[in-house]
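First chain written, first letter: the chains are A, B, C, D and E, and each begins at residue 1.
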Amino acid sequence: MTLEVDDLRVYYRTLKGDVQALDGVSFGLRDGEILGLAGESGCGKTTLGKALIRLDGRMKHVGGSVTLDGQVLPIGDDVKMNPYRFKQVSLIPQYSMSAMNPTRKIGRMVRELLESRREKLDLDELHSRLDLVELPRHVLGKYPIELSGGMKQRMVMVISTLLNPSLLIADEITSALDVSTQKAVVTTLKGFRDRGFVKSMIFITHDISLTNQLADTIMVMYAGKLAEKAPASTVVNAPKHPYTQLLISSLPEVGVRYADKRLTGIPGNPPSLLKPEPGCRFRDRCPLAFEKCAEDPPPVEVEKDHVVACWKAA
Amino acid sequence: MKTEALYFAVRNTKLLVGAGIILVLLGIGVIGPFFIDKPPTEYVGMQMQPPGGEYWLGTNTFGQDLWAQFVHGLRTTFLVGALGGGIAAVIGMVVGFLAGYKGGWIDEILNMLTNIVLVLPTLAVLFILNAYIGVRSAGMQALFIGLTQWPWAARSIRAQTFSLRGRDFVDLARLSGVGSGRIIMREIAPNMSSYLLLTFILLFGGSILIASSLDFIGLGPTDAVSLGLMLQQAHQWSAMHLGLWWWFVPPGAGITLIVGALYVANVGLDEVFNPKLREL
Amino acid sequence: MRRYFGRKLLIYGLTFFMAVTVNWLVPRLMPGDPVASMLARARVAQPEAQEALRVYYNNLFGFDLPWWQQYLNSWGSLFRGDFGISLWAFPTPVADLLTRAVPYSLALLIPSILLSWVVGNRLGALAARRKVLDNTVLPVSYVLTATPYLWLAALMAWGFGVVWGIFPVAGGYSFSMTPSLTWAFLVDLFWHWLLPFASLFLVALGGWAIGMRNVIIYELESDYANYMSALGAPQKLIRRYAFRNAVLPQITGLALQLGVLVAGALVTEIVFSYPGLGSLILAAIQNKDFFLLQGAFLFIVLGVLIANFIIDVVYVIVDPRTRVGMAGAAA
Amino acid sequence: MLKLDGVTKVYRIGAFGGQTMTAVDDAGFEIKPGEVVSLIGESGSGKSTIGKMVLRLLPPTSGTISIDGRDVRSIGRRDYYRKVQGVFQDPFSSYNPVFKADRVFAMIRQVYFKGVPDKEWTAKIEAALDAVRLSPGAVLNKFPHQLSGGQLQRLLIARALLLDIEYLVADEIISMLDASTRIDVLNLLADLKQRGLGVLFITHDLALGNYISERTVVLHKGRIVEYGPTDAVFEQPEHAYTRKLLASVPQLHTKWEDAS
Amino acid sequence: TPTPAPGASAPAAPAPAAEGGAFPRNETLYTSGTQWGPPANFNPIREWDSATGTKGLVYETLFHFDPVAGKLNPWLAASGAWVDDTTYEVKLRPNITWSDGKPFTAEDVKFTFELGKMETIPYHNLWNWLSAVEAPDASTVKFTFSKANYQQWDFNIYSRSIVPKHIWEGRSEKDVLDGINENPVGTGAYKYHSHDQDRVAWVKNDTWWGKAQLNLDPKPKYIVDIVNSSNEVAMGLLLQKGLDLSNNFLPGAANLVTGNFGISTYYPEPPYMLSANTAWLVPNTTKKPLNDAAFRKALATSVDVKKIVEGVYGNLVKPASPTGLLPQWDQFVDQAVVGQKGFAFDTDKAKQMLASAGYKDGNGDGMVENKDGSPIALKLIVPAGWTDWMEAIRVIATGAKAAGINVEAEFPDYNALVEARNTGKFDLVINNERQLSNSPYTYFEYVFQLPVQAQQNTVNFGRYENEEAWKLVQQLDGTKTDDIEGMKKVASQLEGIMLDEMPVIPLWYNGLWSQVSSSVWKNWPSSEGSAPKSAPTMWRNWLELGGFESLAALQPVAP
């Protein structure tokens, strides 16, 4: 088991009180596994991703632990966390377009970054990885602005994985891309995993169809909590949580036409995470809700590798 | 959003301190003159009195009451600042909005004009204009300052307008049949109201500093007492060598205090409006 | 790149053109007969001298010629370096007075601008996002930028010159000296230079520190800084990058501030009776020596434009973005 | 019928318009009442530019746009906007953040319904809100940030409906919305279509275009590479670009590897 | 009164020790207060803007005038006398050489005066009544006049710098008038040393003739005159002992004198300074009610000059006598006339005078109206920025109002003021453009000159017309300068007219501003003890009025 997240709670401090953006999430990730993280906007995906590598100023680690390769990550401590970053945990940011210092030549920036982490730049390795993502080697002598968007994204992917981290986090890296580029990126990521550049990966997106192309396991979150986690095909084909079910059924696919089959969405809105009421957070929108839902449904492994947090499903 | 701004505003020490100082000085400048029965240039008799009970800031070589001059000077200084800053802000806004919103050749021309005035050393221009045309009233002085200080404001307003113009709600207003002027005034301007306020504050402070330089060089108003003129007189009449520190320290401190407080309040406001700058 | 410079040069050209035109126009916009009122203003008592001046002015302005010819002539004499003759120091040519004063002004301006810029930026960068430093550097900087140049100069002259008697408070060098390349003279020169320099330096310093602090805060929050922190890069490296990038807008800021700095130098010179352009301008204003005033004005405009151009060149050299962007964005 | 004919848009960029960039090149297609035409293409292909030209927010460099045979340039803007309206991609930026969301209605009233008494106006708004299935209490008198993206987009559609429009330009109106809300808005458009509205549906999501539209225009680098009934475009794409695009679409139930 | 900053008296700023090209402090006299611009030329013909010392140190005149004794002292001349009513003969001293070694002769004097035939030369109008200059031998010059204006002639013979014919001969009119005259060659005690923007330096002429013939030996090896940039600088330098003589108007100078700074003035107590000129309140006598002498006199009575002298000037000046004649001319003041007709500040009396002259406050606003009942609103103007005067006229306006005369102080631009003053479009203006001279004639000329022209550029700004008075002034000019009684008689009549008519209202005597430091040079002129009584000044044209004698009397403090 590469990654073990146990009852992780991360809140945002705001004027009105704490936003309980991540409220007791537990899951594990095996070597070589790619976890797709999906869910409605605001459900805490980004928060989870950030929690694993770098909390921003307003985030507060309230409870729970993260263990990576047997070591407990000091996620609440920015300084202590530093040695793990890049080497053990790394990320591909959503903002690849602007992730590189605009006034440094890329090669020099990479060198300085590595030196600052007391790592030696293995130029051959770097070159071979550039070849892999089909970047010409001379990009190292260029400034970021001289690269196109796609090139920048690939460059950042190479940089982030240069030290072969155990865990790679990719948050919404494809949402601004058009379909053909999306495909290329996803394929590359898979390649990275297959070649062992990264041991395991968390791929965050709200596009379940896309996740499904890449992920071994899909985890669906709802309002700061885990709703369902199962192998990708299970989530897509036989979801157990009512939220997942409704979500999947509202996705149009090429071939589905309004005239033929009218899809429906999920009525209602997710609850506020400021002072969420106890109990299942989906119960207001859930067609199956009953009294028991006033209590928090614990995540239950209903079958192997299939965890659902729902009284009905359990 | 508004309540949030207010929440931060009342907790922002910079804003409170800055605004507090300005309000106190403004109060002195506005109300003070009513409590001083004699005109500030009247000499009340005793010369070169150090600060004391009767003359709070002492008297100068003519026996003029420096406190009276200070109080009236504050008034003029605020007036020139507000007027000069206001005029500059208005011109800056008109040029910035027009250039940013209209784009095209209007933008090209206005932008060129802005850049030209921007690289001109404005104080030198003011020297020429004032010396020739003989600006002799605080109002005219403010006008001239206003006429030369707008470019950077225009430039930044233009940039802001430019980015707001691309926002969908502007297009939506156009789709609602709203005219350009209205869109600028009702859609774009309200969105940068905090920014406009900040711009005005900076122009306000800048105008005061420029006015003090003009006053000092002998191009100040003749119909008023200002802090800059006090400095000029103190300098001209060798206050420094006669040891009359109370003649030149308070007016300079007054200017510094006003401008400094304006700047500090500006930062405070900036932090209030701009979450990125807020202290955590 | 060529376009960029072309555009800049066009703007500078137009600015200069406008300055010259304003200069030419202003005396003509004066109410009444400009020659008569200039004569009245020049405190020349002798009727004969007055007459000579009247003839001189009339010739100079060429008021009898058609206006376009007057205008063209003014350009002609400008290119010949002819700024007319000073009335205050009659019959010294204005150009002579200016060239004698300019070294003093430059000696104040160049070091104070460059040093305050360098030191101010360092200070601001140090202070940004560091509570203790921020709470000390920032308020001091605000007080400094809010200080009128002339007042700080007066305070320094008073304190160091009059009260403590450490520094001389007037002139470019002692009246007991004649210029020569001796140590004594150079030391004397330096001694006179120090206070005006220091007051210019200090006021400007505050502005740069504040500017840098604000810019670098944005840089520290920028995407690349976030990415680097996420990859565990030490703050030192991130700050170094942020500083470098924040310096760039500060270079542009330098161009924008030039006019203000020059103005500051002018009044500072006046406080210290430093024999530069500022003192010359004051004399011109007090003595209604309009030729001198106009000459000084054009000199300053020209100086500022040249400095602006230098800054533009420097900017292009240090910021790769401009170079690349201007070459036409690569694919 | 809204018809584009040889429409080209060239942007001038750089100082004094020194450089040019052709965003739309000789585009021609038409939208009939009661029909959804989806305009598909990758980012930067010129979709929004076409939308804006139709909405007369941008003038075409050449070519004509006509409505029922009349060149739109001959129609007064106000009259035109009574017939043609638009909704944009980002519901959050479509509202002026400093004002309440229902100001979008007030703006229309100021221009088009000056004389209408309050009561009648309220009724009109309620009807429009009803049509987009919003309850007035939930959305009126609120600031944009207090409403969800779906609500905001529906408000915008309701706003358009107030004017009895004939054509709607919907520029990526669902791309910022959640999967579950998305389908609601989409269904709403489909309902309106059935009421006789012509919709220009701009999207980069082929599945969505396919779901709702009668005809599809595929745009690549400003040029129309494929134009025809949606079925035909999706089932027998003629252009290589269309095929590539289709192959890249992630399918929920089929993986890329399996497809190829 | 506070004392200036104590540290101000601390030793001079530790300017690095003078070496190299420096002037040794103990051999150098530093002066200031005369030049307001960079030394522009060394042309003695341009006596209004040549570098300080050009005339007086380098170029010399035939005579000097001693205002204390009221007589001419032969200088380059050994003697001068009227041989008949229209012929004046000057005998020159022997053995005088120009600084280039060439002998000084009568030809040089003849040449100099004949330069005046050029129209642009300042003394051109001399030739209106001078008909010929001859040099019968090397040491004799004979001036023949068509009309002898004795008073003006005396003025000329101590005012005209004699230039060397061998150098100036052949210079064009333009060169003579506008030439810079670098490396001036004169007969004087000093020679040109160097100059810069802010200073001119003179070095002693060791072979000066006066050492032997006048028994004068100026001690300073160098005289460095510092260009004024501001009073502030002058005061600073003076306090730091960088300046020995400051002829600037330094407000607050009284504090320096009384405050133990090693700085002194001519008088150790008020008025501290000798008087140099009179400041007048000039009424426009062509305007109602200022055309009424009774009204003018009432106005004069309402002015509290003492308040100006104390308040504005801190006692650096003294009130003028009712005639306005400078103290140096006291002997010409007819005390009987003054006693009978003079006036003094008295608000009540002013009110009375107004009432008896028929000016009443009809509408009860506290201000009197014209006799025809129209309101009076007079504007008193001085140039904007002339701070001491601005202060002074505020006092005047206040005093006038107290007496019931509605006077408002206004501060137009200098240009506008000059225009208004010269064209007679003003009510009241302050003026002081007449200096001390050898003769009260110059004063009366200033007051009474006729005819009044469209533009009055230098005299009689009030446009006062009195044929009788003008005749008397000319009569005074025609009176020989040694005929003191004759002069007094005419002066007495003129004073009578002045006090009856009040064409101008004398206010105060502007001082001969002079502050000296005795740290390096001593024996400065002073009213006290045996100190010299000459004028302690470098002011333009004052070196001949005692200024040079003052310099020559200086002694080094440290031998």
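Simple rule for what comes next: contacts are C-beta pairs under 8 Å (C-beta built on N, C-alpha and C of every residue); 3 or more make two chains touch, one makes a residue touch a chain.
Since we're looking at a predicted model, the values are computed, not measured.
Visitor: Moving only between chains that touch, what is the shortest number of steps from chain B to chain E?
Guide: Minimal hop count between chain B and chain E: 1.
Visitor: Using each chain's Cα centroid, which is most distant from the centroid of chain A?
Guide: Of all the other chains, the one whose centre lies farthest from chain A is E.
Visitor: Find the chain most remote from chain D, comparing centres computed as mean CA coordinates.
Guide: Of all the other chains, the one whose centre lies farthest from chain D is E.
Visitor: I'd like to verify one number: the distance from the centre of chain A to the centre of chain B, where each centre is the average of its C-alpha atoms, in whole angstrom.
Guide: Chain A and chain B have C-alpha centres separated by 51 Å.
Visitor: Go ahead and note the Å separation of the Cα centroids belonging to chain A and chain D.
Guide: That gives a centre separation of 31 Å.
Visitor: Just the number, please: Cα centre separation of chain A and chain C in whole Å.
Guide: Spacing between the chain centres: roughly 55 Å.
Visitor: As a quick test, compute the distance in whole Å between the mean CA positions of chain B and chain D.
Guide: Whole-Å distance between the two chain centres: 47.
Visitor: By the touch rule stated above, which residues of chain A touch at least two different other chains?
Guide: Nothing qualifies.
Visitor: Considering chain C alone, which of its residues make contact with at least two other chains?
Guide: Residues 158, 162, 169, 282, 288 of chain C each touch two or more of the other chains.
Visitor: In the complex of these two chains, what residues of chain E are touching chain C?
Guide: Touching chain C from chain E are residues 5, 7-8, 10-23, 25, 28, 30, 36-38, 40-41, 46, 48-49, 119-122, 124, 177-178, 180, 194, 196-199, 201, 224, 226, 229-230, 232-233, 236-237, 239-240, 242-243, 414-415, 418-419, 433, 457-458.
Visitor: Inside the complex, what are the residues of chain C that reach chain B?
Guide: 11-12, 14-15, 18-19, 22-23, 26-27, 29-30, 139, 142-143, 145-152, 154-155, 157-158, 162, 169, 210, 217-218, 221, 255-256, 258-260, 262-264, 266-267, 270-271, 281-282, 284-286, 288, 290, 293-294, 296-297, 300-301, 304-305, 308
Visitor: Where on chain B is chain C touching in the complex?
Guide: That would be residues 112, 115-116, 118-125, 127-129, 131-133, 152, 205, 209-210, 212-213, 216-219, 228, 231, 234-235, 240-241, 243, 245, 248-249, 251-253, 255-264, 267, 276-277 of chain B.
Visitor: What residues of chain E sit close enough to touch chain B in their complex?
Guide: 1-6, 8, 230-232, 235-236, 239, 250-252, 255-256, 311-312, 314, 384-385, 387, 391, 394, 411, 413, 415
Visitor: In their shared complex, at which residues does chain C touch chain A?
Guide: Against chain A, the touching part of chain C is residues 222-224, 226-234, 236-237, 241, 244-245, 248, 319-321, 324-325, 329-331.
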